[in-house]
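We just call them A, B, C and D in the order they show up, numbering each chain from 1.
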Amino acid sequence: MKKLMTALLGASLLSTPVAAQSAWTGGDDQPTSPLACSGESPAPEPGEYNGGAPENAPDRKGKDITVVDIPKLVGVGYFASTASGMQEAAKELGNITINTDGPTRANIDEQITFVDNYITSGVDGILFAANDPVAIAPVLKKALAAGINVVGYDADAQADARQWFVNQALPNGVAKSMMDQLASEIGEEGSFAIVTSTFTTPNQARWISEMQAYTEKCHPKLKFLETVEAQEDNILSFNQAQTLINKYGDELKGILGMTSVATPAAAEAVQQNGLCGKVSVVGLALPNAMKPYINGDCIKSTILWNTVDLGYAAAEVMRQVVDGTLKPGDTTVKAGRLGELQIVNQSQVLLGAPKVFTKDDINDFDF
Amino acid sequence: MSRRSFHAVSSLGQEILLVVVILALFAFVGAVNPRFVSENNLTSIFVGNAYIAVAAIGMSLVIVSGNIDVSIGALIGVLAVISGLLVTSGYPIWVAWLAPLLIGSAINALVGCLIAFARVPSIIATLAMLSILSGGLITFTGGRWISGLPAGYQLAQFRLLGVPSPVWFMVGMTIVAALLMRYTAFGRSVYAVGSNPEAARASGISPSSVVVRVFAIHGAIAGVAAVLFATQLQVIQSTTPVGLELVIITASVVGGVSILGGVGTVVGSTLAAILFAAIGSSLIFLNVSAYWLRAVQGVLILATVLADMARRRRTG
Amino acid sequence: MTRILIRHEAILGILFAVALFVMAAQSDRFLTTANLLNQARLMTEVGLIAIPMTFVIVTGGIDLSVGSILGLCAILVGVFWQNAGLPLPAAIGLSLLAGTAAGFANGLIITRFRVPPLIATLATLALYRGLAEGISQARSVRGYPEWFAVLGRGEFLGIPTQLWLFALVALAGIFLLRFTAFGRTTYAIGNSEAAAEFSGLPVERTKLLIYTASGFVSALAAIVFVSRVSTTRSDMGNGIELEVITAVVLGGTSIFGGRGMVIGTLIGLCLMQILQNGLSLSGVRGDGTTVVIGAVLIVAVLISNILGRFSND
Amino acid sequence: MTPILELKNISKAFGPVKVLTGVDFDLYAGEVHALMGENGAGKSTMIRIASGDHRADEGEIRLDGEPRRFAGPREAQAEGIAVVHQELLLFPALSVAENVFLGHQPKTAGGFVDWARMRREARELLDRLDCPNLDVDQRVSKLSVADRQRVEIARALSRNARVLIMDEPTAALAEADVRRLLEVIRRLRADGVGIVYVSHRMNEIFEIADRVTVLRDGRSIGTSKVADVTEGSLVSMMVGRDIHQLFPKVDIPRGETRLEVSGLSLAGVIEDISFDLHAGEILGIAGLVGSGRTELAQTIFGVTPATAGEIRVDGAPRRIASVRDAIAAGIAYVPEDRGLHGLVRPQPLRENVSMAILDRLTRYAVVDTGREQRLASEAIERFSIRARDARQRVGQLSGGNQQKVVLAKWLATDPKVLILDEPTRGIDIGAKTEIHRLMGELARKGLAILMISSELPEVLGMSDRILVMREGRLSAIVDRKDATPDSVGAAMMQTRREPAAAGGAR
């Protein structure tokens, strides 16, 4: 049996340098739409509404409503901060109660069970960040059918399974920010590696694909080395970053962190190896987690949307959907202190472009 | 005379096998990519996984005594958070370092009592603890990470004589535990209880009290692992790493600790933990496709297990 | 022997009734046919795997690789169907075959190479999950035809389709373990493998069959799961083994082997599911529910231990 | 002179079951005091009370005339009371030296286990027991039964035992090992150790004991000097009735050949064994522990399939590669280790009785429990098994009744050849006689019986012919008329090489 295994594996195991140039490990197969290399890109058209609608929803306009927030998983800083944004909005609005509850691991099955139980318990609205866009769709449709308002944030489901999706940033926008920042730090010909959570996480896979497309278009000489998985585990992320540094030595100029767990861990690895300034870390991370490295001049920047704002916007959108002030066909939506948000891609509310935090402004943010 | 040395070899077989495999791995991967055996990489292999090796020491004690603990990952998570909360709420750093040992010891002594006196099988008691600890952790922290750790708290980043402290802990605790298991009456009684509890009772050893003490020690060791885990980075995650318990149990078992109790040494489990860390790192160095990484790890674990089985059958 | 089992089941039954009563009092949405049927649908995958797992644990073994087999088979359905271009029924058939083979491999490692089940399946847990990741290259396969969704989301005679399948497997399990020579052999192996061997019972074959069945049913659960969520991912079923084992052990099956019944497992399953559901409906968060289930597991075993001590065993 | 150990008016009950009622027992330094009684008479409980394992409900224990209470085995051991258990409570995974000293290892000044001293002292103890070949670093799991027992005795001696309680020490020993053991006991007695000797074997009692106490149904029937009693009077004290003939051997005309074994070998264990066995015949197998008796039986029975040779049943050659093949060929095997191989103790009597013929009791894979119940009831009646009913767990039955269940289980297969491996080990006189009577009855019905026994009187008394094994080979086949302890003993012993592969360990 062992021999068979070895033979089977041997054939497909060792990735060749050729393979490295064909597709970046960890990307998905969806079509990409890289932005222009420089200058403002025109905002995508709102297009025709393609979200779903709750059936026979009672008139909840202006009434007190109870909403449950079901993130991908609980116990990570990222979703703790989106939840705090929701509480902020709830406090401002006064007529919405939001509870955050979800699986302890980013597990589709458990998340579905959570949604299902909350449908039965009779909430007025569901806010979700999907672990899998397709897997969660049937249960969300069930929620719509039960007259519950459904709004997604952070990670979308199939469009017809929810009403609106608050998009923190368009994938091609994320890709552009990341790669432009990387190129500016390591030069146009540097080599870099990627630390992601798992290859099956849809957002990360999407961004990696968009990053590849954008890099081929705008930074063709940047050299992709490899992608490693590190779950949502900061010690593992640290170890993986460490291994990359050891493996490539001087060749490695930059590490891209795809999650808010991986990026600070990679920064820590760079700092502990005394490679500040020699290896750049560019990635998505909460400003608070990156302050020690950025203030210590080891790392130049971190990229992220404001996660508190993301949660805040999601709660605002939920309220407006319930009140009927956000309807199919609208092109903008007013979201409290965030002002007017743009509607894109038929049924998505765009939070804005991802922000690059640097030493100059990072201390102005606390999330 | 030759007979005696033969037995000594056969009882050390697993350790020697592991050392050979580890050296072979280092030699092979080092030949492909010399950076693998650079001081830097060796250090990171040891440092990054020392907490696993440390936790596997306690796990080995538990398994030798004829029990198992599937809640170890959750316990390490809980103790790490406790340590972090203590230090960020102003307690002295040494309190934050010591508290996990004591609390871990207390929690597991309680589990030990459930196993020894209430006769709840260890796998059930710890399965239940896994639920209670991991659920309780989220309830308690609400998922917030602990950051803003004071300077001087990062025990795992200290170096002594140029060697990082986790390595000292791993090596030191392995040696201490190995000596404890071999040269103290308590250590021997752990083997006795795992091998034949009824006979242990007849020899004047109380199996119940041995089991409780083993779990208490295991809890304290988990506390050390938790401190190493918590002080490695600038932030402490408030969830437990998924599947950590399986990694630790696998290290113990592949290290030659018989799951049926009574056999095994802590040296083996530490070597196995090092081997797994080295395998993880080497696959990246060998450019094994990241998609196939876990499959290769699985094959290697299976191969180690089967090789061990074949060796045991040869030596009887 | 039967008497002890019945006692544990009685305790469990009482716990179950108490839980049912308390939950119903907490939320009027709990004790409705729709909710209960829906809960049954949600527990089908765990339930399916728990049936052969009962056999495995009765023999004194354990199978930790079931979650990984589920993931592997889920992936294979997609890969066979989309990448290999086979018709979906053929892809399902092949995937079931693969799961069976994975279980058979477990059985071989355990019976031929005499590797203790815990270690053997710990190793294949890593291996099968790795194969799932490697084969899928982390790609999901979606867009299954409508008819396929019937299994996971449809109804037959007003009852969720997969529940019929579950009932079938559960009945087969009850029948096999309780009434047949195969079941008798399973108990004998768990109580004394050597004596079973010396009695000429087919010990190796029985164990091999049980682990193979465990693989097959895990594959079956994978099909149901894929149909329910209409996508395949390589991380499917991650950690399901602990849920399954909890249900089986809660159901009174001795982890040391030789004791246990499928009925107990079914009660254990239901108890777990209504606790999860009921607590959620009465406003307890997921992490709180996890704590409660852990506590219930200890309490159930404790009570039956205490009662067991006062009987003449 | 005060006795070193005195049990006065001891009573003990487990739940509603009264196990001991007002038992007195005393032991002087330098004497061997035999304790006899059928299984279930209360011997084991008495031993457990004397060794601090159980606490008596009533009565007191005196050491050197002083009343004592033991909280556990540790206290009793500290007072110099040690037990050599029948089931040999050893740690298979640990070394000989460690088994000897576990719980009271010699320590260095720093409080650590002093391995060097421990190994040295273990060596000395073993030398004192006259076993210089036993390696102190050997794992106990690899030792033969006799060697394990020596380890257990060494353990008792290592605690400077003044009182040594030996629970059926010879039950598992071959004749030669029994000799050596009795020699050791004499030496210990001369050193002033008081020995409580529990055994079913009459000849040993008369050979070694100074006094004997008989228990029956939890009461002491009486204590007398061995010189004052006869075998017959002891038996009637134990059983409560007279037993006239110890070995009720009936002469049955030899029938046709049932089993022919030629050139049978199991690589490295047994070599080139040939014999035949006829209907109505009882063929005894004698040999030292490790001579390959059990291995021969298990090879014929397919547990360890032969590597060479042929087995014919009723003239037809049979390929026996597994237990199932053997059963199909009409061979049945009542194993030496009842608890481990013979029975599934937690399961009910009826499930044990039907276990070997489960195939035949099933229709469309379903076990016919009605037929099974009838089978069990018949067995209970035919073998007069003392059980509550067919649903009682066999683990709860006494040794003799358990053995009858094993017999019933194998006779249910309707065998042509019945192999009995130590059929009466650890069984009391009453049940022993019953089993011997049963063997005669079965032989009369045309069964061919192969009987392994370490008890030479049993082999001599029951067999038509005796097959003697030595070091895995056939040493001699002796006819009943030529069989004497001397002739058979000589064939067993001859010169023995240095310990061959430890055959006793499995």
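Worth a mention:
Here, a residue touches a chain if its C-beta (ideal position, glycine included) is under 8 Å from a C-beta of that chain, and two chains touch if they have at least 3 such contacts.
Just so it is clear, the structure is predicted and the values come from calculations on it, not from any experiment.
Using the contact threshold fixed earlier, the set of chains in contact with both chain A and chain C is B. Averaging Cα atoms per chain gives one point for each, and the point farthest from that of chain A is the centre of D. Taking each chain's centre as the mean of its C-alpha atoms, chain B lies 44 Å from chain D. Averaged C-alpha coordinates give centres for chain A and chain D that are 72 Å from one another.
Mean C-alpha positions place chain A and chain B at a centre distance of 34 Å. For chain D, the set of residues that touch two or more other chains is empty.
In chain B, 134-135, 137-138, 242, 289, 291-293, 295-296, 299, 302, 306 are the positions where the chain touches two or more neighbouring chains simultaneously. Residues of chain A found to touch two or more other chains are 9, 12, 26, 74, 104-105, 199.
Chains that are in contact with each other form these pairs: A-B, A-C, B-C, B-D, C-D. In the complex of the two chains, the chain B residues touching chain D come out as 3-4, 7-8, 11, 179, 182-185, 187-189, 191-192, 194-196, 198-206, 258, 262-263, 316. Residues 27, 29-30, 35, 38, 42, 45, 105, 108, 133-134, 137-140, 142, 149, 153, 225, 228-231, 233-240, 276-277, 280-281, 283, 285-287, 290 of chain C are the ones touching chain A in the complex. If you check the complex, the residues on chain A that touch chain C are 1, 9, 12, 26, 28-29, 74, 99, 101-105, 107-110, 112-114, 116-118, 120-122, 132, 134-138, 198-200, 205.
Those residues of chain C whose C-beta lies close enough to touch chain B in the complex are 64, 109, 113-116, 118-120, 122-131, 133-134, 136-138, 238-239, 242, 245-246, 249, 254-256, 285-291, 293-295, 297-298, 301-302, 305. Contact residues on chain D toward chain C in their complex (touch as defined above): 15, 303, 322-324, 326-327, 333, 335, 340-348, 351, 355-356, 358-359, 361-362, 365-367, 391, 393, 409.
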